[in-house]
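For reference, the structures are reproduced in the following blocks.
Next come two complexes built around chain A: one with chain B, the other with chain C.
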Partner chain A sequence: MKIMQKWIMAFILAALSITCLPHLINAEEQALDLQAIINEARTGSTIILPHGIYEGPILIEKTIHLKPRSGEEVAILNTSNQPAILIMADDVALTGLIIKDEQLKKQPTVLIQGDGVLLDQLHIHTGSFGIQMRKANHGQIQNTSIAWAGHVPERPVKLSDKGNGIDLYESNDNTFIGNTITSMHDGIYMENSDNNLIEENHFELLRYGVHCMYTKGTVIRNNVGNLNITGAMIMAARDVEVSNNTFTKQSENVNSQGILLFDAHGTSIVNNHVEGNRVGLYVEQSTMNHIKGNTMTANFIGIQLLDAENNAINSNQFIGNVASAEARNSVHNQLEGNYWDSFQGIDLDGDGRSEISYAINPFFQSLIKAKPGFQLFFQSPGMVFLEGLYQSQRQLWSVDASPLMEPSDQVRFIVPTQTLKHSAAVGAGLLSLAIYLIYLGVKRR
Partner chain B sequence: MIQTVHIAIREIKLGFRNPWAYSFMGLFALFMLCLLMINAQGYVQGYSGITGTTLNLILYLLPLMSLLLGSFSLTAEKEDGSWELLSVYPLSTLSFIIGKYIGLAIVLLVIVSIGFGAAGILGYVAGSGFGLSTYVQLLTFSSTVALFFLAIAILLGTIAKNRWQSLTIAVAIWFFAIIGWPPLLIATLGFMPYPMIKPAVTLLTFLNPAELSRLFTVVKLGGGAILGPEYYEWIKWIRQPGGSFGFAAVVLVWIGSVIAAAQLVWERRRLRG
Partner chain C sequence: MRMKTINVMMLVMLVLLLTSACGAKEYKPQAINEETDKCVICNMAVKDDPYATQLITTDGQSLKFDDIGCMNEWKVQNGTETVGAEFVRDHSSGDWIKYEKAYYAYDAAYVTPMAYGVIAFEDKASAQSYIDQQGMGQLLSADELASHKWEVNRDMMDMETMEMHNESMHSDESKEEMEMGHESEGQNS
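Right after this comes the complex of A and B.
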């Protein structure tokens, strides 16, 4: 009886797998013409590609899942001026492919025009845009790497030659998780695209890591940016969340900053760590933003406020910056309970907050707005002295009413520390040489 | 040549028996250690809060030290009558001035080395100090500032009649070069047409050794971007290795011409008796 049951079960399972499960095509016998394989595939099927180099461009007009056979390497090589892969259908999935598309051109390497597309573990080498999404919603791009691979003949590559890593236009509700984007123009560029989630990505050597233009409801969380011109560029955007990101060493360019808000309203900038940038957090012409719990360490300027009004700036820590804060023409901001290491407060009632307020002197910013040539005086001894003298219209300054006396938790520094041994060795050498010279000088013949 | 060496050795011996040298040495070492103590960061690399503060504090202290030690040494020769004795020997004014400069330079560099040496070792012990490249950059900065202002001090000691006069002028020079510089430039250049400001600031920066050394160091520490787009080409140039050679050439030309001027003035006075 038991044997009979087993046979029946096996028969049912076999029948189910033939009728219900997506159709599996073994592409091994086919030529390396991937387009032909896709054309022959049924909608909803999964195509498993064996090891090999397949020719682009590829057009996908039906829902399929494309992936390499387990453990094998599948590369798609495109030398045409068309996108290496153009996805026009919904719910297409691409997994584990290597895409080499090193031509300099206008068309992107992957162009997505369908909804619900999944790109997972792709490796894209591009001479154009990495991935473009046009009116593509509810998609997901994860664990994918995008790097610039284009060569411009007879001159070095300029930033303007490059396309964006991921470029969205009118594409909403997409998710980008765990991607690594390097040496492109912008990492993820969003225009007129709302409610996209950007999480745990890595951005390096780009112009802007994340760039929002005319977006609503973008969430930028747990990302890492290093050596870009700007980590997160939030422009003309509303209700953006930027939280728990780390942006370091964005200091090479005269326009570098960790996080930039321009014409941004109602965004929340929370618990980010911004270290070693030209300006940690740059806020211009932005209102109603919540800036809370961020750590700005070792930047040239911790926070810079220009024409920024009605923002709430609380519980941030400014440590080891050359200038903690600069501000110009920024009124009605609510600054409270931040820690400024350059400020010595007095705590009379023992609540951990200073009774003396910390006011941000607007002199330098106003000066260089009128005459940029004087920017050379940034934090020079004479300029610090002059700022101390300048006290006019104090009621219009940005003021932290109750700055913290101590940093709220252990300050962490991310930029790698090396040993102090070497400078100690040089110091010891200097010291012994100096003492020997003094000895020679004072000894009697 | 041998006369220059003799004068330099004499100057070193005088310098290290001068209580002023030791009080400055103590002051400089103490304040280098204070910088370590206010630094909570542990390891410091590049242009940051603590390096910016260090630059400024060195600019407050070292130029004044160099100006006073240097100019007093020369006016003392006049006041104590030792120059009158020396000038009966076949000693050229140039050998005398260069010998003085080299001797005093060694004294000042020893003072700087003591301060930096102590900071380097104690920083390692306390686990809070500068990384090697920043340390070397700041040491170069201090030495350059000391050498620059020592040249000015030599000229000043030549012109001034006695210690009091040189003290007054030294403090004035220090104030205008370090503290009064931005207010002075902002006030005077404010009247100029807009496109003239940047070239004027650039040109005048070459006349102020404190500002020149500070900017060179800020750029070399990686802080050039904060100086703004106006100076982008300069910053790019200074960051290359060629920038260091260019700066070294400027230092040599600068010190050379000030020493030459001092030599001329001293020679004129010697001939007139």
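Right after this comes the complex of A and C.
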């Protein structure tokens, strides 16, 4: 019986090697000449690649569509210092490719310098930038994953070793939908690039999920960010829309926040869910922004306003934050109809809004600006007491004139509350132990 | 009791000695810690790269910036009375050098973290060779940098006024702006 089994095994192995080997060799042969295939292809043609590993770098200078034969796996392996794929023509499309480009280098894995380029369902493993776009307009990148795969010898990887997932410079009107970017420097970085749409992407373990620098008309909608230093970093930007995004657990770095606005003007921050971050929404030197309908739950600080003026902050909910709001030197902001769970109001006329206003005390932020070390005393009883005593120049504080009495129905928590239950159980245990010890001590006397 | 007072006296003396020793201040740059350092002006994480700069105040606080333009902005906002020392990093080696001893290369198209386009070098020759290599830019000494205009690559305010005048004109202008190119090396952030 055993001999029989061995024979069957041997037969299966032999059959496998006969059927697989020629196929592999075939693919290996083609690995050398993908560039040749492209060079031979006519402009506008679709090239269907059979299963195999193809070697980079690859230069695409004419309009073609590259995709794998259906159901087969096509990988492009690049070990050179050049981009694995450099696209210089317009309307090029790449679909379903795996790109492995793990060497540390300055050149990106994919470099796009043409307009109307479509990248769909790519899997990029990079030791540099994932995709760089330079003067590339009207492009679309969708359903693509980009992950860091570089190794630095003999020391841990630093942030400055990594490149951005998608990096735009002077590239307008592009669309990014349904991509997943992990462990890179910034997820999507835009500089001098306008009217780009960023929708339904997933950002995790990055420095900044989305990072706008000198941009106009960017739309950031329905994205999810988790465990980044900052979810969305909106800097030196105009007319940006940040709506319906979820940013959770941006709390692992001392400078973390869900959404940060710096020198941002005329943006709308609407219906976002910001949970479990160090600071939920950080607004500095920014004016004329509309911050509406957002939910800030379980952050250390819900919203922080620094030198922020003339912003409209309405109908937001601040629930379960250690401090709902902090502000410094922020005047003429119009706050109305927000729900602050740390605030107890009085509703005399039954319209659901408090007749007492909610004022944001600037004491702590002013103090830590002068002496950053005092951050250690965040929300400590002494600090809260001192804050209560500080009342000077009250007319210049940021004030919610009519805070809501109750939260709206839609409040939800995403981060599991299980940990909370755990700590409650442990706390109860410790408490009972303490009581028991005190009891013992008293008894002995 | 006497012994105690002597002890106290000794301690006071020691503290005085120590503080006076510190009084002869020599400002030294701190290393960048990517985990915790953020730019005092623009809030971005300061990377351990040659674009980082540092200002030590007279009371010994080290303020770090991700771009030399942000350090300039701090001086505009806070004045220079409390500035003990300023440091920049040599673009090739990454070594900390004194702000006033460095030479600078500037071009609007150089890519720096906050787009001010000013890069520091240890000596005149290396700054000049960088400019030659890039094929654009101008050489500035620290004194000349004092009268630099500190324009960022793309001025958002100009953009807005332009837009108010004429939308179509604006798009033309921005195209022109694009032609300035982006050939220089370096990672943006």
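Some points to look at:
Criterion: the second predicted complex is superposed on the first by the 384 of 445 C-alpha atoms of A that agree within 3 Å, B and C clash if a C-alpha of one lies under 4 Å from a C-alpha of the other, contacts with A are read in each partner's own complex, and residues count from 1 in each chain.
Note that in this section contacts are C-beta pairs under 8 Å (C-beta built on N, C-alpha and C of every residue); 3 or more make two chains touch, one makes a residue touch a chain.
Quantities reported herein were computed from a predicted structural model and do not represent experimental measurements.
Touch criterion met: A:379 reaches chain B, while chain C stays clear of it.
Contacts of A:236 after superposition: chain C is touched, whereas chain B is not reached. With both structures placed on the common chain, the touch criterion links A:253 to chain B and to chain C. Looking at the superposed arrangement, the partner reaching more residues of chain A, out of chain B and chain C, is B. When the two structures are aligned on the shared chain, A:158 is found in touch with chain C, with no touch to chain B. On chain A, the patch touched by chain B and the patch touched by chain C overlap at residues 253-255. Residues 106, 129, 134-135, 158-160, 163-164, 167, 169-170, 185-186, 189, 191-192, 194, 207, 211, 213-214, 216, 229, 233, 235-238, 253-255, 260, 262-263, 282, 284 of chain A are the ones touching chain C in the complex.
Only residues 12-13, 15-17, 40-43, 45-52, 56, 59-60, 106-107, 110, 113-114, 116-121, 123-125, 127-132, 135-136, 139, 178-183, 185-186, 189-190, 194, 197-198, 200-201, 205, 211, 214-215, 222-223, 225-232 of chain B touch chain A when the two sit together in their complex.
Residue ranges of chain A in contact with chain B, taken from their complex: 251-256, 276, 278, 297-301, 319-323, 341-342, 367-368, 371-386, 411, 413, 415, 417-418, 420-435, 437-438, 440-442. Interface of chain C with chain A (complex): residues 34-36, 38, 42-45, 47-49, 111, 114-115, 152-154, 156, 159-160, 174, 177-178, 182, 185, 187-189.
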